[in-house]
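Structures for review follow.
Each of the next two complexes has subunit A plus one other chain: subunit B in the first, subunit C in the second.
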Partner chain A sequence: MKGSFLRKNGALPLILPTLIIMAVFTVLPLIKGFILSFTNANLLNKSTAYVGLENYKKLFTDPIFWLAFVHSLILTVTAVILELVFGIILALALKQKVPGIKLFRSVIMASWVIPVAATAVMFTFMVEPGYGYYNILLKFLGVKANTFWFGSLNLAFPLIIILHLWRNVPFYGIALLAAMQAIPDTQYEAAEIDGAGPIRSFFTVTLPSIRNMIIVMVTIHVLWTFNNFDMVYLTTGGGPVYSTQVLPVYVYQEAWTNYTTGYASSIGTIMFVLLMFYFIAYIRVYQQQEG
Partner chain B sequence: MITKRHRKTIRITLTYIICVLAFIFFIMPLLWITYSSFRSPSAILSGTIISPAGQYTLDNYRTILSVTDFPVYFWNSLRIGFMVTFAAMVLSIIGAYGLSRYSLKGKNAYIMGVFSTQMFPIVLLLIPIYNIIFTMGLFNTALGVVLGQLMLVLPFAVWMLKGYFDNLPKEIEDSARIDGCNLFQMLFRIVLPISAPGIMVAAFYSFVVSWGDYLVVSVISQSQKTATLTLALQRLSSSLLLRWGQVAAATVLTIVPTILLFSFVQTRLVEGLTAGSVKA
Partner chain C sequence: MNKKRLFVAVIAAIGIMFATQSIFAGGSSEKSTTSKPASSSSKAPAGGSLTFWNMPFVTQEVSPSYVKNWEGNVKKALSNYRVSNFFGPGGYAQLRQKFLIQAQTGTPDVIEGLLEDVPVYAQKGNIESLNAYFDSWSEKGQFEESTLAPLTINGKLYGIPYNTNARGLIYRTDVLAKYNLSVPKTWNDLINVARTITKNSKKKMWGLFLCTKVGDPRAAQEFISWYYQVSGGKKLFTVNGSDVTFNGTVDQFEKILSLYKEVFSGSDSAIDPAERGNGWPSEDPGYVSGKWAMAPMGPWLWGRRKGNTAAAQILDKSKVAPLPMPVGSAGHYTYLEVKPIMMNAHSKDKAGAWKLIQFITSAKEMAGWDASSGGIPARKDALNSPEFQGPLGSWIKMFADLIPGGIAQAPVNWGPVADAELRAVNYVIYGQKSPKDAAQWLYDTINDIVTSGKIL
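And now, the complex of A and B:
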């Protein structure tokens, strides 16, 4: 009996410690958060009562929630598309065998490994009016630009997207490069014999071969970008006048600045539902293509 | 008519143009903050790129390291980073090895389950996690932070190492098993040595996530005793008396350890990070 259990479930004792930690620190909190979203929980108030759908009703008429909602969607879609396009361009450049390219490949991913808190400081410093690197550069080019970009209603949101690009594009570039290097040269030679130029062989040979890597990169970056908190929180805090407010930052501020953890949980639950839809759609598409 | 030689010239020119632009965009910010950390306050505020020779100084570093509590935060980040990395490696190595080599009813569901936790909104999870950590008496402790950060690291670490183990040849282990090696002998004598590159990448990933985490630390640990560099950096850069030279020095000191570790693993990094995707 025991022998057959081990044969069927031999992996269980080994993966169990990880499962327990994940259960206590992700699954249980998810359920608790869901329950909290139906209460008036407040960190300053010891008594908590169920209020039914009150939080969700409030949320649907909360203009800041809708702003954050729209911003989160725009940010995720724009950042992921731009990252992919620039990532492919970067990978194509990194693939070329020219002098110095190896060194360049090795340093380009530096932006991905440093803390976001440091990235936030660096970019805030660079867009300072008067002495920031960007503004010095613009002045040099003859453009009058003496604004603090993070403080500008028009520039803050694009700058948040630029921050995402700065951090993630090199990762795309290096990962797609790895996928491109796995393509045998013979495929390109065959395309060339068929009379394909560099652009056509990119679409007929390169792109289909790196398709799987693109899917993996896009999937994880949609999740990471939508859930990303510190890029916005540590630069603009959602401002100026909510122009960069996104859902994770709104949840955080409701919970830890206003202490309304019940309401914060309802926004967090909406975030989870959106990600679920995305995940289910992804699995559907994936299975359709496999089968 | 574009000849082959023309095509090659165009290709090389385009490559260098892209590389130069990429260098300006991705690397210059790092060089700029490093450069600024050695400039005097008046040089930074002058709005010029190059200043007279006398304007360069080590004062920013001297102040950050001796006047502020920066060394305490540095030590906290290091200590917590090592603990998270160690715990994550022990757990994910045995877990991933089990999933890779042994059978389990509904194994794919477990793997999917662990990985799908990546999509849970961490800001939502943190509200109950704060309560759990508080009830466990681990609020404002390093252990509390370690537990909170482990859940950020584990899914990806397990997924990554499982993919790595799947791609290793199994023949050596088979013959070791016939020779009577038990599981732990096998892990330490055979599996760990040959999978060292993959484990290094997973360890690097764990350390970098812990070192860069602001979210979990800001909720679980605000006290002087356990606050980390990211928290200190945020406080320093949002203070009213903003001294950019010192902020720059603090930023450089925060970045340097990750860059140093990165230089050890960089060639293997992508191979390791994407190992799971080859055979998910």
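And now, the complex of A and C:
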């Protein structure tokens, strides 16, 4: 009887622990957050009341929410596109058979391995006026730009994007390199016989072959970047004057500065819904193309 | 059969859920760490175990050697208890977040914090009123009344103070003498003296530094110091039971914001414009490395002398004066900081927790801690101890003299208010709003915070 059960439902007992853990630590908090978004929950108040769509109404008239939303979109689109472009260039470079390339492939991952908190602290020191590495370097090059970059209205946001690139491009590079190395040489040889040069080979052989990896990387990084909290929070906290304010930081500030967990949950719910729409749309498009 | 299988699956699921919850619930992964210090034996002493979370032991605001010494002392003083050598997650923000969520687990038994944390914890019901314990303590007469009052909300004492200070203006005597300048007494003096230093030093040294980063606790404390001066020592909020009255005016805010605008203005500005949006991590090292000649400061800067000859030389040439006042101000008012030791209302051993608080705030331990971190003891006998004689005593006295003008914060949730104040400062220093418009925005925002119940 027991053997029969396992034969028929072999997968169920194996995946049940994972499903339960996911339910407890992912699904339940999501449901709890969703319910909270319809309340006036405040971390300091003992009583919580149902307020219907009040938080959502407030949210749509909240200028900081819209500012953070636009910044999150710009950050995600810009960072992911640039990461992909530089990642492909890096992968092509790493593919070359030149002396020391193996060592370079190992070293290049350092920025991805360093904890984000350490990266944020490191960059904050590097852009300090006076003793910051970047300012010293610029001074050496004759550029008068001795400023606290994270305190600059014009430089803070681009610097956040650079931080994302600095951390993620090597990951793209290594992942895409792995995909490129799986392409049989015969395909390049065939392309060469057909008269294709390096650029044509890239667009007709390399790019289609690494398409699936690109889809995976882009999907993951859209989710990561849109949800990324630590880089912005640890470097600028959303400032100066909201110039780097993004949705995850806004959620945090509402929850932990104002303690308005109900309102924070409504922002979190919107973020979740947006990302789910993106994810479903992306998968649909991918499946259609595959079909 | 199917029902049987379903039953087995449900039982297994419930079992796993309980198992996972016992592992993760309420941050008890930390609890397990805290309850088993590396150095202790596996057998708990008769009195049980106690945990004490604080920021300075973790962030090394006090030296590791002091912490080691403290661990030895507490072992002797509370020989019936095993006091954990895990002192919490670190910074005050992390301490606050963890404590708000997990206090109900009973861990930690005792917590150190900021004065601004007291009303937040009290409102949440996370800290115990200590009146009964304190009133029966024979040493209660040693505590300065001015340090107990800010920790008392609606007649309930929620913490025992171990450290206090008032903010003053630290300045370089040698720099002022070099340029034949007097110690600034008014805001106009401050701006002019600072600009002169910037100009005469050809920007090798800037006259002043103020913290302006949103979220920086020091920046909020500096802002409120200026506020107390324009308000004549009146608090920003009056709390009466559950009623909060907002006392600020647009005019007052405009004066303060104009000061922030002025210190960043001009070709030889008082403050380096590159330091806009920067906070305390730059203020202290910048002063002791000679980057600026003046800054609002507390006694903790003494700690920068350790192992830093250049810093020690600069501090030897430094003195402390009351913060400059706006013209027409009635007195030298400033932010009064009091740091409390609080008891978790959900502690499983409140008697033990009180013993631990008594140990932490005893004359000997308070003197040692404050001497190590550069604080002013809240006890008279601790302030008169040998640790506070000599150069440290002279240094501390400069700040202790400012305490009579110190105003303690009203017991409200300062988080959103401080955030709004510094956003208004940023609007001004980045040229996004005029001081008048930013003042109106700040006034409206704080009004909204009060009426929406975010403050209490």
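Definition applied: the second predicted complex is superposed on the first by the 286 of 291 C-alpha atoms of A that agree within 3 Å, B and C clash if a C-alpha of one lies under 4 Å from a C-alpha of the other, contacts with A are read in each partner's own complex, and residues count from 1 in each chain.
The rule we apply is simple: contacts are C-beta pairs under 8 Å (C-beta built on N, C-alpha and C of every residue); 3 or more make two chains touch, one makes a residue touch a chain.
Remember, predicted model here, so these are calculated numbers, not experimental data.
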| item | value |
| --- | --- |
| When subunit B and subunit C are modelled together on subunit A, clash or fit | clash |
| Greater subunit A contact set [subunit C / subunit B] | B |
| Touched partner set for A:240, first subunit B, second subunit C, both or neither | second |
| Touched partner set for A:268, first subunit B, second subunit C, both or neither | first |
| Partner chain in contact with A:38 - subunit B first, subunit C second, else both or neither | neither |
| Touching partner for A:17 - first (subunit B), second (subunit C), both, neither | both |
| Which of subunit B and subunit C A:212 touches, first, second, both or neither | first |
| Contacts of A:172 with subunit B and subunit C, given as first, second, both or neither | neither |
| Contacts of A:107 with subunit B and subunit C, given as first, second, both or neither | first |
| First (subunit B), second (subunit C), both or neither touched by A:117 | first |
| Which of subunit B and subunit C A:157 touches, first, second, both or neither | neither |
| Clash with subunit B, by subunit C stretch, listed 4-12, 22-30 or 382-390 | 22-30 |
| Touching both subunit C and subunit B, counted on subunit A across the two superposed complexes | 9, 12, 17, 21, 24-25, 128, 130, 256 |
| Sites on subunit A touched by subunit C in the complex | 1, 5, 9, 12, 16-17, 20-21, 24-25, 42-46, 128-130, 146-148, 150-153, 236-242, 253, 256-260 |
| Subunit B - residues contacting subunit A, complex | 7, 11-12, 14-16, 18-19, 22-23, 25-30, 32-33, 36, 44-49, 91-92, 94-95, 97-99, 101-105, 107, 110, 114, 116-129, 131-132, 147-148, 150-151, 154-155, 158, 208, 211-215, 218-219, 229-231, 233-234, 237, 244, 247-248, 251, 254-255, 258-259, 261-263, 266-267, 269-271, 273-274, 277 |
| Sites on subunit C touched by subunit A in the complex | 1, 5, 9, 12-13, 16-17, 20-21, 24, 93, 97, 100, 120, 123-125, 213-215, 272-278, 282, 286, 291, 413, 415-416, 419, 423, 426-427, 430, 432, 449, 453-454 |
| Touch list for subunit A against partner subunit B, complex | 7-15, 17-19, 21-22, 24-30, 32-33, 36, 89-90, 92-93, 96, 98, 100-101, 104, 106-111, 113-118, 120-126, 128, 130-131, 133, 135-136, 139, 166, 169-170, 174-175, 177-178, 198, 212-213, 216, 220, 223, 227, 229-230, 233-234, 247-248, 251-252, 255-256, 261, 264-265, 268-269, 271-272, 275-276, 278-279 |
